[in-house]
Amino acid sequence: MCGIAGTWNVDDSYNVLHDVLLALQHRGQQSTGVVINGFKSVKGEGLVHDVLTDSNFVEGKRGIGHVRYSTYGSINEIQPITAYTFKGTFSVAHNGNIIDADERRKYVMENGGIFSTTLDTELFVHYFSLAPYRDPKSSLQWTLSRIPAAYSLVMLHSSFIAAARDRYGIRPLFYGKFGDGYVIASEDSALSSIGCDDIREVEAGTIVFFSDNTPGPEIVTFSQKDSHFCSFEFVYFARPDSNFFGVSVHELRKRLGMKLYQEHKVIGDIVVGVPDSGFSGAMGYSHASGIAMDYGLIRNHYVGRSFIMPKDRQEIVRRKLAPMHSVIQGKEIILIDDSIVRGTTMKVIVDMVREAGAKKVYVGIHSPAVIGPCNYGLDTSRRNELIASENEEEALRELIGADGLFYLSTEGYKQVFEECGVNGICTGCFDLNYPI
Amino acid sequence: MCGIAGTWNVDDSYNVLHDVLLALQHRGQQSTGVVINGFKSVKGEGLVHDVLTDSNFVEGKRGIGHVRYSTYGSINEIQPITAYTFKGTFSVAHNGNIIDADERRKYVMENGGIFSTTLDTELFVHYFSLAPYRDPKSSLQWTLSRIPAAYSLVMLHSSFIAAARDRYGIRPLFYGKFGDGYVIASEDSALSSIGCDDIREVEAGTIVFFSDNTPGPEIVTFSQKDSHFCSFEFVYFARPDSNFFGVSVHELRKRLGMKLYQEHKVIGDIVVGVPDSGFSGAMGYSHASGIAMDYGLIRNHYVGRSFIMPKDRQEIVRRKLAPMHSVIQGKEIILIDDSIVRGTTMKVIVDMVREAGAKKVYVGIHSPAVIGPCNYGLDTSRRNELIASENEEEALRELIGADGLFYLSTEGYKQVFEECGVNGICTGCFDLNYPI
Amino acid sequence: MCGIAGTWNVDDSYNVLHDVLLALQHRGQQSTGVVINGFKSVKGEGLVHDVLTDSNFVEGKRGIGHVRYSTYGSINEIQPITAYTFKGTFSVAHNGNIIDADERRKYVMENGGIFSTTLDTELFVHYFSLAPYRDPKSSLQWTLSRIPAAYSLVMLHSSFIAAARDRYGIRPLFYGKFGDGYVIASEDSALSSIGCDDIREVEAGTIVFFSDNTPGPEIVTFSQKDSHFCSFEFVYFARPDSNFFGVSVHELRKRLGMKLYQEHKVIGDIVVGVPDSGFSGAMGYSHASGIAMDYGLIRNHYVGRSFIMPKDRQEIVRRKLAPMHSVIQGKEIILIDDSIVRGTTMKVIVDMVREAGAKKVYVGIHSPAVIGPCNYGLDTSRRNELIASENEEEALRELIGADGLFYLSTEGYKQVFEECGVNGICTGCFDLNYPI
Amino acid sequence: MCGIAGTWNVDDSYNVLHDVLLALQHRGQQSTGVVINGFKSVKGEGLVHDVLTDSNFVEGKRGIGHVRYSTYGSINEIQPITAYTFKGTFSVAHNGNIIDADERRKYVMENGGIFSTTLDTELFVHYFSLAPYRDPKSSLQWTLSRIPAAYSLVMLHSSFIAAARDRYGIRPLFYGKFGDGYVIASEDSALSSIGCDDIREVEAGTIVFFSDNTPGPEIVTFSQKDSHFCSFEFVYFARPDSNFFGVSVHELRKRLGMKLYQEHKVIGDIVVGVPDSGFSGAMGYSHASGIAMDYGLIRNHYVGRSFIMPKDRQEIVRRKLAPMHSVIQGKEIILIDDSIVRGTTMKVIVDMVREAGAKKVYVGIHSPAVIGPCNYGLDTSRRNELIASENEEEALRELIGADGLFYLSTEGYKQVFEECGVNGICTGCFDLNYPI
């Protein structure tokens, strides 16, 4: 879970990277790093505005940046990473997971390779150096053709910037025109938010080079495209105002909500979205069913900073969400969420809604139950309620104490993507149908 | 615009005040202050979590606190303020505006009174000292009976804590049971959020004392009640999960949106609330009209921290809100907001919606047009589009570039409050009918 | 123990007060405060550069400031304090101790006076307000004539700045020309260090006014002078490059060291000053005796910030001072210090010198033994080895483990001051001869 | 110009490294870094206590650390650096300069080597990996035997800590017993200051290993010793309470001052050391000549933090040093310093002393004039007054405005070291006699 960004021929690239990474903050909150041309880096644990402060400003017209969900305790372990080689100096940052990173790393080390971090990112550096070309661009092509998946990547070389996606296109990547230059980002909404024009997707299996000698972006295909975009980017990971393949995330979530109603036809008095992840799906459910949507739960924005220590996880949820008695009292409530991260959390929510006077509480999830892990960079360990059979679904319903629990079927799920014109998605965690 | 809080017989009162003030942060972001028993104060400019840090912790079981919208540049000017007198030492903080503060201050000074701040709050101190009683409680009663409005107030004396509201009850104040003690706050949602039970309103014209010698709260009436609660607290100032007179803020806003539809019957394809202030009203409009509500504008949460400096105010609004093309494209949009703060802001919003492909843009405001100032502690100078006639309303519609602009009538507005069972509100800024 | 400062008609007074207070930092390290014209205050716990940061900058051409040895836990308790009265608004800061402050405060309170702090400084405010004059300058004169001692004071009024010393002149105060304006400071070295010219002492019993209508300083005598300057300012409190009555502090300490030799004629191989307070006196002892001075103890500047927690006070001293074996080895050492703050500290020093190979260790103190408290603003509680007889002196020698311990006699001490032309000093803590 | 440190089997190594690096702060103020076992690093620009804060604490019983005079703008460029290789993971930090680093680096890169920094330190990593041994200890020996000079080095490997000095022993390194473990530091005073026992020098051409399997330190010779210790470490770089070859730095400086008198016999009324670097030499000059030493210049400790911006370099010096009129007035002054860093600085000092009333001002330097650069890690670019002939010495005397300027001869300089028993020093910058 990461966000990446880049700039080419953009004044005060540091500031622009700051703003783009800020707009990608939901993709990673633990560490932040940028490298500006001349290979000056600014890195640190923490949020974008904690690390990329005014006083750390570095002058430069090109650069790359990264935000990350987790850090391994050391400042050296923060991307981008920089390497000095006989093919030039360069920095690289990526979003994703190199699948067989451990074996590849061991192999390189046994051949005398020296790593300066424990990040799988550093494999790109070694492959780049090992590539049987003098030319850095060819070396990068060779590198990416040798490492199949799963990454989106930005690279700052002394003579160019590159944005690339693996052949399966698992993680997203976009670029857009910004003044006389270009800006790269994991999501298009980050580009829109700073005023970019002509925003395009980096195609799976291609590198987009921005070079000194070439007027515009130069697109190079290093592998045949075999599209398997992570559908969870749509379901819960991306911002609602982002688009993939020209399809609005909010719109697709709404469609999932509609399909959920069509499959289950669960009826009640009020549809309530679990804040904020369930709002779009709840709206879809409401539109499809004609049942009014209302704010039955209000998020308390500051709870993460409270001083009174809640005794347990349940207590945290209770302080994070306020039930609206006037909305819930005496009603049959259909709670909609994108997925169930923890059954214990959903149990507290159901309890709260019941205590606020709900007659019935039904829980609808607008994606299928997760039954397998993700090897492509998503932390599914948080999705710890893996469900493999209907028995287990019933057990979960009992655990959370709902009057009903219903998921979208994998077929229905896939259908919505197809209807929206999104083909070639990865649904491995739902149906164990892993593309690689 | 302020929030106030207090604690009585509560362990680590500093931490509890932190959490309550955090929940009241929307009432004031410029300065924060607390005084804990023993009259140790922690104050500073900035947000609650910037000032009430872990390292500033002060031990104590009772205290009062304050957040404020504006500061006058000096740390001395931050409430609560403390005074040492022959009637004992005490600290005081209030929310509101003493109406004729300048004259009263001048009078006290001419009689030899020394002020240590420029805050009107300090008048309470002088009246308390001047009161013809030795007893501090009687002195406070006398003080409040001499200063008619408009304030809610908390006081920490060496022998008690007091929570009081002026006779008109213009600003809100609540208290609730917390363990073996009590917590006081401007809004009940702040008390719920930390887990208080048995939450009650401080009645207009009364003081609630929490004292060493008395088992529970002792309620003293210092003046006959003449209720004129600020209706703008309901409309836009309070949190949606707060309640006044037992009526939910969110629910009342929804009712205002419903009434707005009933008065104007403006029809379109989609109802869009302006984030976040317009959501409740938009939901009401949607429910009443049967027109679907959708998220046509998404708020960009981080924009306040961006580095690329927008050229002008318009640009700021554009970066703050993202229009959802998939929602808006080809539709007739009914935009709903609680009020118009600046016509220039609304103009940018209308422009954005139009650029995203709206066929028509109608703007509905679920409160009447503001035509007069507020003297009771609300900064209406921000509401700078005072409208006194229909001509001016048409001029404003042209300014914002909407296809239609419609307000709730003052009669409709009052009716909604009545229907909800809220009697005795102040509507001075809408109809110049000032209670005092 | 405090330092005070002021500026009149000085650009960026905030910056100049910062520099002057920095040069007075040795007089107080716990809290810092300034008030700039318009009565904007910046205050905080901590060192000058922690509180008076760039980002707190306040524009203005006049102001006053204060550094203090101790704070009573609350930001309100930091000087200068500001008052709004019918005689105008003003701020005041002082160095010293109002002798009967408690009684005076009680009296004022019983007459209805309200205090906003627990500082004795606030008495000046009340006397000023009570003074039977409309005119603020006359009111200040009246105030100071009613409060006999012991203070040096700066006051910022909307129409003037005042610098004043009590009739006994117990604490120092200076002013000097700075560009077209004036700067005030507790020590002249602070004024020299920023480049002031024409530096003069504020005379005991006078106020120096800097006013809008008067070209230069206007000197007003409010009481007959009865000089009793605190001789400890010379001995250990002031910077060595300061001067009082035109006499160099370093020079006078050297003379005390010389007199110490003349009185005791203790002979050894090397004279060693205890860093840094004993250096000047040791140099005098060396000059008078012809015994070479050397650096037998080196101060470790960073020890205050070390992380390895010393087990006890002794350990702290051991880490703070490094004994120079090459200097001490096999020698008879004469250790010179200005005074003995704690016998336990001196014991560790003697031990260290002995462990480093000294044959003999004699301890010479170039001031008399302290036998009484100070009521004029000096924290003699730290000088906790009060000695009242020769028996006790011998006991102390044994405690510290020295081969000899010798003090300067009170007569010798006074003589040195006289020889240097300094008349009218306070020696109350040595001979119980208190001036007031 | 750097300081290095290490710990072996020491509880809370982070804290101990903090304290040792603090005591070595004079060797580098720009950046600070430590690596604790498990290879967790804490690094940052700035002073030790800014970087190694309490909140950055890392648990561990062994580690290495580094302070550096300059940083190249990037957090990656801060030592120690860490490498992951098939010979294990390790971190390394060094003090010094690898003489032909650029060529060696180019060579390694051309053979496919990847560098992650621009530091010459990283060469140790590559040689270590290239070494024809599987065993890490043998690899380190091979590395150091291939890189002749000039470095002192600490290395943290998963199975040992190593402390090593190049064959010429140009930069210092010590280790001492600390509880059940060992601490390593560039200067012995840093070890004494935390209470180490049994402090020893790491011999030139040796590695001292501290390993899991060996009870005490294991000393391995990797090259024949050819001692050329940097004599400037004695003259101005090290702390006065440090010792090299058992000789006190302060004592040797005193001897240089004595020799300076013996060579020149310049007579005056008072010997004044330039604070603080000239104090020891001045004391020697005073002892040898019988002319009294006095504090004619007092250092203003806080000037680096002042806000009033001095117009130029001269002004900075003037604010940094206060001339003592009482000491200087009417006297012939012999100013003693260790070296002349900038003629312009010395000119201001001479001016100040003259303005304070000196009759004559003679400047004595207790080392020879610097006539050549240093290639072994000392920043002699700051010593920018290279003098190659007596004509140029006279020109410099005129520039600084002194009545006389006299240096110690190279012969006299060498003689002092010999007399003190220090053989095998480098004097390249004085006589172009470079050892390597």
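Going in written order, the chains are labelled A, B, C and D, and every chain counts its residues from 1.
Throughout what follows, contacts are C-beta pairs under 8 Å (C-beta built on N, C-alpha and C of every residue); 3 or more make two chains touch, one makes a residue touch a chain.
None of the values given here were measured: they were computed from a predicted structure.
Trainee: Stepping chain to touching chain, what's the minimum from chain A to chain D?
Mentor: Step count on the best path from chain A to chain D: 1.
Trainee: Centre to centre, using CA atoms, which chain is the farthest one from chain C?
Mentor: A
Trainee: Copies chain A and chain B touch; is their interface built from the same residue numbers (over half shared) or different ones?
Mentor: same
Trainee: Just the number, please: Cα centre separation of chain A and chain C in whole Å.
Mentor: 62
Trainee: Nearest whole angstrom, what separates the Cα centre of chain C from the Cα centre of chain D?
Mentor: For chain C versus chain D, the centre distance works out to 37 Å.
Trainee: Could you pull out the residues of chain C that touch at least 2 other chains?
Mentor: none
Trainee: Quick one: which chain pairs are touching?
Mentor: All chain pairs meeting the touch criterion are A-B, A-D, B-C, C-D.
Trainee: Given the complex with chain D, which residues does chain C contribute to the contact?
Mentor: 12, 14-16, 18-19, 22-23, 25, 49, 52, 54, 189, 192-195, 239-241, 248, 250-251, 254, 279-280, 283, 287, 292-295, 298, 300, 302-303, 305-308, 318-319, 322, 324-327
Trainee: For chain C, which residues are in contact with chain B within the complex?
Mentor: Spelled out, the residues of chain C in touch with chain B are 39-44, 58, 73-76, 81-86, 109-110, 112-118, 125-126, 129-130.
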